[in-house]
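Two complexes come next, and they have one chain in common, subunit A, joined by subunit B in the first and subunit C in the second.
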Partner chain A sequence: MKIAVLSGKGGTGKTTVATSLAQSLPECQYIDCDVEEPNGAIFLNPDLSQKFPVQVLVPQVDDNKCNKCGECAKACQFHAIAVVKNKVLVFPEICHHCGACIIACPREAVSETKRTIGFVETSRRGHFLQGKLNIGEPISVPIIQDLKRRMHEGIPVILDCSPGASCTVVQSIEGCDYCILVTEPTPFGLHDLKIAVQVVKKMGIPFGVVINKATSDNTSIQDCCRESQIEVLLEIPFSKEIAEGYSRGLLPVQNELWKDKFRKLYKEVKKVQA
Partner chain B sequence: MKQIAFVSGKGGTGKSTLVSSLSILVQDKMLADCDVDAPNLHILLNGKTLKQEDYFGAKEAVIDSSTCLKCGICRETCRFGAISEQLEIIPMKCEGCGACLLICPAQAISLAEAKTGQTYVSETARGTFSHALLDIGAEGSGKLVTEVRKNTFNFEENEKWLLIDGSPGIGCVVIASIIGTDAVVAISEPTKSGQSDLERVLAVARHFEIPAFVCINKYDLNPEITSQIESYCANNDFPVIGRIPFDPDVMKALQRFKTPVETGNPRVTEEITGIWIRLTEELAKPTAKQ
Partner chain C sequence: MKIAVSSTGTTLESTMDQRFGRAANFVVVDTETMDFESLNNGAAASGGGAGISAAQTVVDKGVGAIITGNIGPNAMNVLQAAQVDIFRGSPVSVKENIAKHQKGLLERIDTSVAAHSGMGR
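Then we have the complex of A and B:
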């Protein structure tokens, strides 16, 4: 079963929930899909023994064949190629690797060359995976795709997503069987939860909510979930002890009580599949 | 107008709380929320909308089934898996690159403008405010950020400052939020995650040669990591311009849609005032902008 953990708003506790769940199951694969700011390794301390570059194809122009006609620049919807003063300029960082320029060139002067935008690291048996986008690179989706190609079959897979609700999140949750939406009882948390709900609904993935930093005097999230008939899977209380543990890279599931709660959460989630 | 972008790397470290507090303390400024896929600043700013527009920030392929030969070459060409076996476009996967249109032997494919979000300019008691909301699952969040920033210039009335609330991460949205600004302020928290994410976002600011400053929120939550962050900043020439104490009242104020400044939290207000003073002093130094 493939379970994605997302949130809309950042800092609500996605990684806490995803890594706690991973530590509570006898066997699973954890994938950190937040390739801009991966944090899962801080909590799971994997032995990262393998590292693979993630490469994309970007155009290169053969000056001997090119007659500076500008068809490639006209075809590129992302302004990654420009023809100025009889020179073809390629801006590889903003290239979407679509290959349109190659099709457009009437003289077969455009070919492709590999360019590294980040890397994927895995533990020896591949139970822990993370990706890292290189500094200054804008496009992270190919790294998420690379990670997802390494998904195991037959064991639970937990995908820890990036914050927000843009293409990186869509890419991460696509094909998942269930989404856990993590939120917190603030107006920001509630607002962004509603955005995340729309994303998972649009993609037709079953989902439930985990309320982190829950307090007894604010039930805004519970109220919203009740009205919208969304299942609340778990509440993690606002606790200085948990926050301090988190700051040092420690998870609540070091306590058996919490491990049990996460096992129960998994059982609930698994019912959906049946 | 000097532009200051507030970023954090890690989410939830207090960007919007700091920017909304500064929106009260700083005079003569405009505001922009560049976290377009999970915007929050408008929740606290409650403005009157001056301009609201659909934003068409992407393109989408359209297949004309009456001229289509059903040859399937488009499907083989598409690198994004955006054309189904029935030769229909899957909108959420289409990047609007136009490769299919170029390869189609029957010229049955065209590109249509696709709406990717909505932009707003609002008049608020704290200044003119530009923001946006990305459509669910839409492409092109970086372009929408650029549009939000462009909108501020159309409504500029010689304000001295533009305060930009950024998004978490280090990719396209963050890059679009900080390019061309006068300074980046990175808000961190003393957790291992906050520390690791801060270092990556500071590296991005340096990559684009933008002066960057650091605030440590909830600095007293873990003094050991706070001092590690401080030595990292000292060793790498990122001035630390603020240390905001942990105070549960900040979250309680937020639950009532208030900033800590409005609820009269003296320690936090004093520190945020100090952050702005130190930032303006740093920017006045002749070496601030390389």
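Then we have the complex of A and C:
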């Protein structure tokens, strides 16, 4: 079963939930898809023994064949090519690797060349995976695609997503069996939860909510979930003890009580498959 | 010479737009006749590469110079490759900016601002 953990708002506790769930299960694969800032490794302490570069294909122009007609620049939907004064300028970091420029060129002057944008690291048996986007690179989707090609079959797979609800999150949750939406009782937490709910509904993925930093004096998330008939899977209280543990790299599931709660969470999620 | 001015509107009286890639329009002025043409900047609302696309638009019009407020690194690369001079205008009308340029009062821009500066972040 493939379970994605996402949130909308950043800092609500995606990694706390995803890594806690991973630690509560006898066997699973954990994938850190937050490739701009992966931090699951801090809690799960994997042996990251293998590293693979992630490469994308970007255009290169053969000046001998090119007659500066500009068709490649016109074809590019991302403005990654400009043709001026007998010069073709390629902006590889803006390129979305679609290959339209190659098709558009009437003189076969455009070809593709590999460019490294980041890398994927895995533990020896591939039970822990994380992607890292190189600093300054704007497009992280190819790294998530690479991570997802390495998903295991037959054991639970937990995908720890990036914050937000944009391409990277859509890429991460696509094909998953269930989405756990982690949020917190703040106006931003509620606002961004609603956006995340729209995304998973649109994609037709079953989902439930985990409320982190829950307090009895703010029930905005519970109220919203009740009105929208969304299942609240678990509440993690606003607790100094949990926060102190987190700051030392310790998860709530160090405590058997919480481990049990996360096992129950998994059982609840697994019902969807039945 | 033809000069493109990034503009909030479509006439010589329109105020200059401080942004280049995300400017609403470009008013292209022939400095000898003061004839002008307004180009809608289709790139203003694009997700990325607005500066590159805007630069391509004005270069394709055969301008020799542009007047704008700030310019990003990618647009600067395109304009420099096309040997288009870039001048720093002020948020007054297109006409006044052209007049100042003709008197040699506008400074040349040769350093770009950070990417995405015109996106209101």
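Everything that follows uses one rule, which is that the second predicted complex is superposed on the first by the 274 of 274 C-alpha atoms of A that agree within 3 Å, B and C clash if a C-alpha of one lies under 4 Å from a C-alpha of the other, contacts with A are read in each partner's own complex, and residues count from 1 in each chain.
Heads up, the rule we're going with is that a contact is a pair of C-beta atoms (placed from the backbone, for glycine too) under 8 Å apart; a residue touches a chain by one contact, two chains touch by 3 or more.
It should be emphasised that the depicted structure is a prediction, and the values quoted were computed from it without experimental measurement.
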* Would you check which partner chain A:K87 touches, where first means subunit B only, second means subunit C only, and both and neither mean what they say? => second
* Asked: Where does A:V272 make contact in the superposed view: on subunit B (first), on subunit C (second), on both, or on neither?
  -> neither
* To do: Check whether A:M1 is in contact with subunit B, with subunit C, with both or with neither, and answer first, second, both or neither.
  => neither
* Partner chain(s) touched by A:V232 [first = subunit B, second = subunit C, both, neither] -> neither
* Name the contact category of A:P138: first (subunit B only), second (subunit C only), both, or neither. => both
* Asked: Counting only touches as set out at the top, which of subunit B and subunit C does A:G164 meet: first, second, both, neither?
  -> first
* **Chain touching more of subunit A, residue-wise (subunit B, subunit C)** => B
* Asked: Of the two partner chains, subunit B (first) and subunit C (second), which one does A:F78 touch, if any: first, second, both, or neither?
  -> both
* Asked: Residues on subunit A in contact with subunit B in one complex and with subunit C in the other?
  -> 78, 138
* Complex contacts: residues of subunit C adjacent to subunit A -> 43, 46-50, 52-53, 55-56, 59, 74, 77-78, 81-83
* So in the complex, which bits of subunit B are touching subunit A? -> 8-13, 16, 35-38, 40, 43-44, 59, 77, 79-80, 92, 95-99, 102-103, 111, 134, 136-139, 141-142, 167-176, 189-193, 196-197, 200-201, 203-204, 207-208, 221-222, 225, 248, 251, 254-255, 257
* Complex interface listing, subunit A residues touching subunit C -> 73, 78-80, 82-85, 87, 89, 91, 94, 138
* Asked: Okay, in this complex, where on subunit A does subunit B touch?
  -> 7-12, 15, 34, 36-37, 39, 42, 75, 77-78, 96-100, 103-104, 133, 135-140, 162-170, 184-188, 191-192, 195, 198-199, 202-203, 213, 218, 220, 238, 243-244, 246-249
